[in-house]
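Quick one: the structure is below, questions incoming.
Letters A, B, C and D mark the chains as written, and numbering starts fresh at 1 in each.
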Amino acid sequence: MPPLHAIAHLGHVELRTPVLDESVEFFTRYLGLTETGSAGDSVFLRAWDDYENITIKLTGHATSGAGRTNLRAAGPEALERLVAAIEAAGRGIGWQDGDPGYGPTYVFTDPDGHELGLYYESEWYAPAPELEPALKNQAQANPARGASVRRLDHINYLGVDVTANSDFLCDTLGGMVTEQIVLDDGSIAGSWLTFTNKTYDAVYTRDRTGTPGRLHHIAFATDTREDILRAADIALEQGVFIETGPHKHAIQQTFFLYVYEPGGNRIELANAGARVILAPDWRPVSWTEADRAKGQAWGLKTIESFHTHGTPPVEHAP
Amino acid sequence: MPPLHAIAHLGHVELRTPVLDESVEFFTRYLGLTETGSAGDSVFLRAWDDYENITIKLTGHATSGAGRTNLRAAGPEALERLVAAIEAAGRGIGWQDGDPGYGPTYVFTDPDGHELGLYYESEWYAPAPELEPALKNQAQANPARGASVRRLDHINYLGVDVTANSDFLCDTLGGMVTEQIVLDDGSIAGSWLTFTNKTYDAVYTRDRTGTPGRLHHIAFATDTREDILRAADIALEQGVFIETGPHKHAIQQTFFLYVYEPGGNRIELANAGARVILAPDWRPVSWTEADRAKGQAWGLKTIESFHTHGTPPVEHAP
Amino acid sequence: MPPLHAIAHLGHVELRTPVLDESVEFFTRYLGLTETGSAGDSVFLRAWDDYENITIKLTGHATSGAGRTNLRAAGPEALERLVAAIEAAGRGIGWQDGDPGYGPTYVFTDPDGHELGLYYESEWYAPAPELEPALKNQAQANPARGASVRRLDHINYLGVDVTANSDFLCDTLGGMVTEQIVLDDGSIAGSWLTFTNKTYDAVYTRDRTGTPGRLHHIAFATDTREDILRAADIALEQGVFIETGPHKHAIQQTFFLYVYEPGGNRIELANAGARVILAPDWRPVSWTEADRAKGQAWGLKTIESFHTHGTPPVEHAP
Amino acid sequence: MPPLHAIAHLGHVELRTPVLDESVEFFTRYLGLTETGSAGDSVFLRAWDDYENITIKLTGHATSGAGRTNLRAAGPEALERLVAAIEAAGRGIGWQDGDPGYGPTYVFTDPDGHELGLYYESEWYAPAPELEPALKNQAQANPARGASVRRLDHINYLGVDVTANSDFLCDTLGGMVTEQIVLDDGSIAGSWLTFTNKTYDAVYTRDRTGTPGRLHHIAFATDTREDILRAADIALEQGVFIETGPHKHAIQQTFFLYVYEPGGNRIELANAGARVILAPDWRPVSWTEADRAKGQAWGLKTIESFHTHGTPPVEHAP
């Protein structure tokens, strides 16, 4: 098993949308991302404090859902070892050119069929003059437009077999489970994994429909809980659909807001406060059915669509 | 050079105070820490979400200042390698028994003479029934008393030779410089280091008095910037001396408040927002004298005592 | 009709509780009120920035529910005119001695039978030395204990006939309706009234059980929305029952949290932001059933108990 | 003396600027106001929750400074009585047509020569479809652009004789002094007045240069303190000059940020929390020189330019 931190962090994610223009409008006007270019059917967008070139690659497609999730290796040697581990697991697809600004990317799938990519080489983002930040320790000027999220935070996949997927990320990539849902029959219905000291970078939750390869949501980090309250106000004002929140998860204690972008993908705005996972001998926190029956941290019942809505929706599954 | 993450995190810090009772009162009533025991001239205190037993070991002493800073290694092998590196550097003192709840600790000094300790074995904190948290992913109930800080965040030493000290932590312990102050003569006047993905865990800033071994401050993390505004209100109400803030550092963009505890030690309350250091090829951000002349992020001039007040004060230096 | 501002503000409210000691514990430990004395079966409590002596008079009783709601007149002449108006309306009971620190109080009832009192004379609160505030424009030191609410904000009665009660307060006391719920049959199911420039001071919402004289809730103001998120965290930690929230009302845009104190009374923590009602020709905002079907501001469905739980509970009604 | 509340509230303020286009850019891009029209050399701007048509009338001029400050009377009769009081005081100029959307306005000056206007008739703002708010109790959609301030809050004049000006507003308009600065020689160096239950609507502070008719600043209200921290971040990013703050005034406990708009006028962003002035027998809080020597609430020294910078600047005074 590779060491924790062999993966440096979650890189950019490709999202598919059947309504590309409306989705671009959502990401730029509501979330406050900056459009930096396009290629083919894809538009590149970035959050203001992500140091690489791309945060989201938004691709026109027949359905919504996640395309490739990219992960940056901690170094060239780490990349080599990780690729070897994936090949040994028989899940490799092969090397491809990276997206603009990114080096060679090794493509593979998790057991559920979600596409992932591993890379190390990455050009840092160099802002155009009008996007130069005032402080030199920031990637880009904050546009102060809409919710103006700081950076990509995590991705939450749906998985038919949570354990198989979670084990794969732990065994081949060095992920560590920080929290999990353990049902009364002993099976794992949700698994939160970290590659870093963040509370989590990737999540698998059980797909009740049994459809492989679906996405539950991607999440962006805001600096404060107030930013998320404000984002809810702006969603209301701009007609963005709020699924649930703002509220606080019991699991991971994340303060959250879930909205749908026009293409149908669920988007979370998330704030972890000052909570980090520092213990090298962290013991996964297990949440039982009885725990879950209490609802979210402050008692909000988990909304039903949370258990059913995934992208691509079942009816559109390829 | 050991890899980044060989040190898991900053552990508990010993602070000295000539007025032990008043200092305990400050840490419990103002900061909201919980007293968990005592031994000899020392009182043990903990912040509500630190998972280990001790956050601060407060020791009665002729002067203020820092006693030992403890660092937890990422594992038993990491501990061995780190100790070997320190011994090779000729800075080791030797193994000692750890504080209650902690295993054997290897004691050493940095070039400035600050005492540090390395350990791996650590019992997790088990709260008494009345301190059981409502959520199982939290170390202890939040007492909701005073500023109620979440966890220890970082330590800032004064150092006669910043470069020598900073290099020592990088070379022997695997620290990474994330930001630094570079004077016009090319010398380094401040160095912010991380062992994790946090923006920083330890800092050296130049001691203008040329006195070795002094402490600038220790810092506690709060979940929000509002927590820090509230902490300023409470400081005013409780007669706690506010040195400067609340305001936002340009360096690291930390939102801060600096107060003095009754023993004379400077205490920071700090919030980094959602800022983390994820890039494995992070390039230290260098702040010049011209940058510094602009003041803090929003223009506040750095208060003069920030450059002069350290503990133990010069007149009390051992 | 008396002019707006004939009533200066909502004064102290009497709350009844079958478990006096537990209720006192809730108000002091959770809400952060200060106990200032007692008389007979009543305990006096105050929020830290209420300028008069009493915020809540908590009285041991067979049931929960509201005792007298006190209103301070804008002056001696205003008091006289208001009393004359009440007498003319045939709802007066007569003059009684005020609570400790308050002058003669004219007692009366609204059409639903809630007891109210009018007074002008009031001694200002003089804090004991240990409760002296740091800033001289504040009534008392903020204890920084629990939710630490700033002041009483409003009272929300249940009423069998909302219109009759609301009209009574407007016609005899100079209230102004700022917002209301208008059902499809044209009847008024909720009426929010102000005596000041606050968005509201008193509310009547329809009692679906047809029981007169019940209380929906009383509310305390906090300075920020963050204070309310924090109060939810503390409620969870202290085992205080959260009924609903934190969330934002569509009506009045109040950010809210509803909890139950141990005696069964519903308590709101409320924040209006910078919203005030300044227009002298304000037109009541009417919310229709279609509007209400959208839920609260961010879509949260109004919790069912909100329509059923009132105090005293139906089964205990005297 | 007219009763408190004869003035309903501070209406729109005219600001002069030698750089009209840059000033418009500041008010729309940084503060988030909406441009609604223009007439002659003036551009009309509004904050999103002001219910009338205009918040700021920005007029091209040789200098910066305040043009007319408009005040809305509580009703037609109140208007008549107020005008009679002004005429009796010999400070009237006469009736003029109001700005677009406003009825006849009675123009007069305070003893310092600041121009004011009284009116009652006012059309409420009717938003264009693209500016329709999501909630019907809000004047206009929140544009979520820049600092996005909610409404105009107060105006702070410089005055050669604070007492004469303050007395004039109390005696003729029904203002009430809520707080004041009393120097050791007994003279009043600052006077905070309210016409409502807000903590203050107008302020006079002593003009140390002895120049009559100057403006210290106008202020906009934000819903939270976090909004003001965010506004400071945006000012830094957009190159808006920050004079001082964010910090908390001891006087009135207002959380503040002061910036300069490009024309040279000082603009405050202000948050009062839940603090309101409800006592009809409020006793002005007096701040002494000794109090003032402590600095702002958390100890920040009052910035020197606060005592010298007024508009129009001395060198440009007409």
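Just so we're on the same page, contacts are C-beta pairs under 8 Å (C-beta built on N, C-alpha and C of every residue); 3 or more make two chains touch, one makes a residue touch a chain.
Everything quoted here is computed from the prediction, not taken from an experiment.
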Practice prompt. Would you mind working out whether chain B and chain D touch using mostly the same residue numbers, over half shared, or mostly different ones?
Written response: same
Response to the item:
Taking each chain's centre as the mean of its CA atoms, chain A sits from chain B at a distance in Å of 32
Worksheet item: At what distance in angstrom does the C-alpha mean of chain C lie from that of chain A?
Response: 44
Discussion item. Two-or-more-chain contact residues of chain B, please, as numbers and ranges.
Written reply: 135, 224-226, 233, 236, 297
Worksheet item: If each chain is a node and each touching pair an edge, is that a line, ring, star, complete or other?
Response: complete
Item to complete: Spell out the residues on chain A that touch chain D in their complex, using ranges where they run on.
Response: 133-135, 141-142, 144-147, 224, 226-227, 230, 233-234, 236-239
Discussion item. Using the touch definition from the top, list the residues of chain A that touch chain B in their complex.
Written reply: 3-5, 8-9, 49, 51, 72-75, 124, 135-138, 150-151, 153, 179, 196-198, 221-226, 250-253, 271-276, 278-280, 285, 287, 291, 297
Fill in: chain B-facing residues of chain D, complex
225-226, 229, 232-233, 235-236, 242, 244-248, 255, 297-300
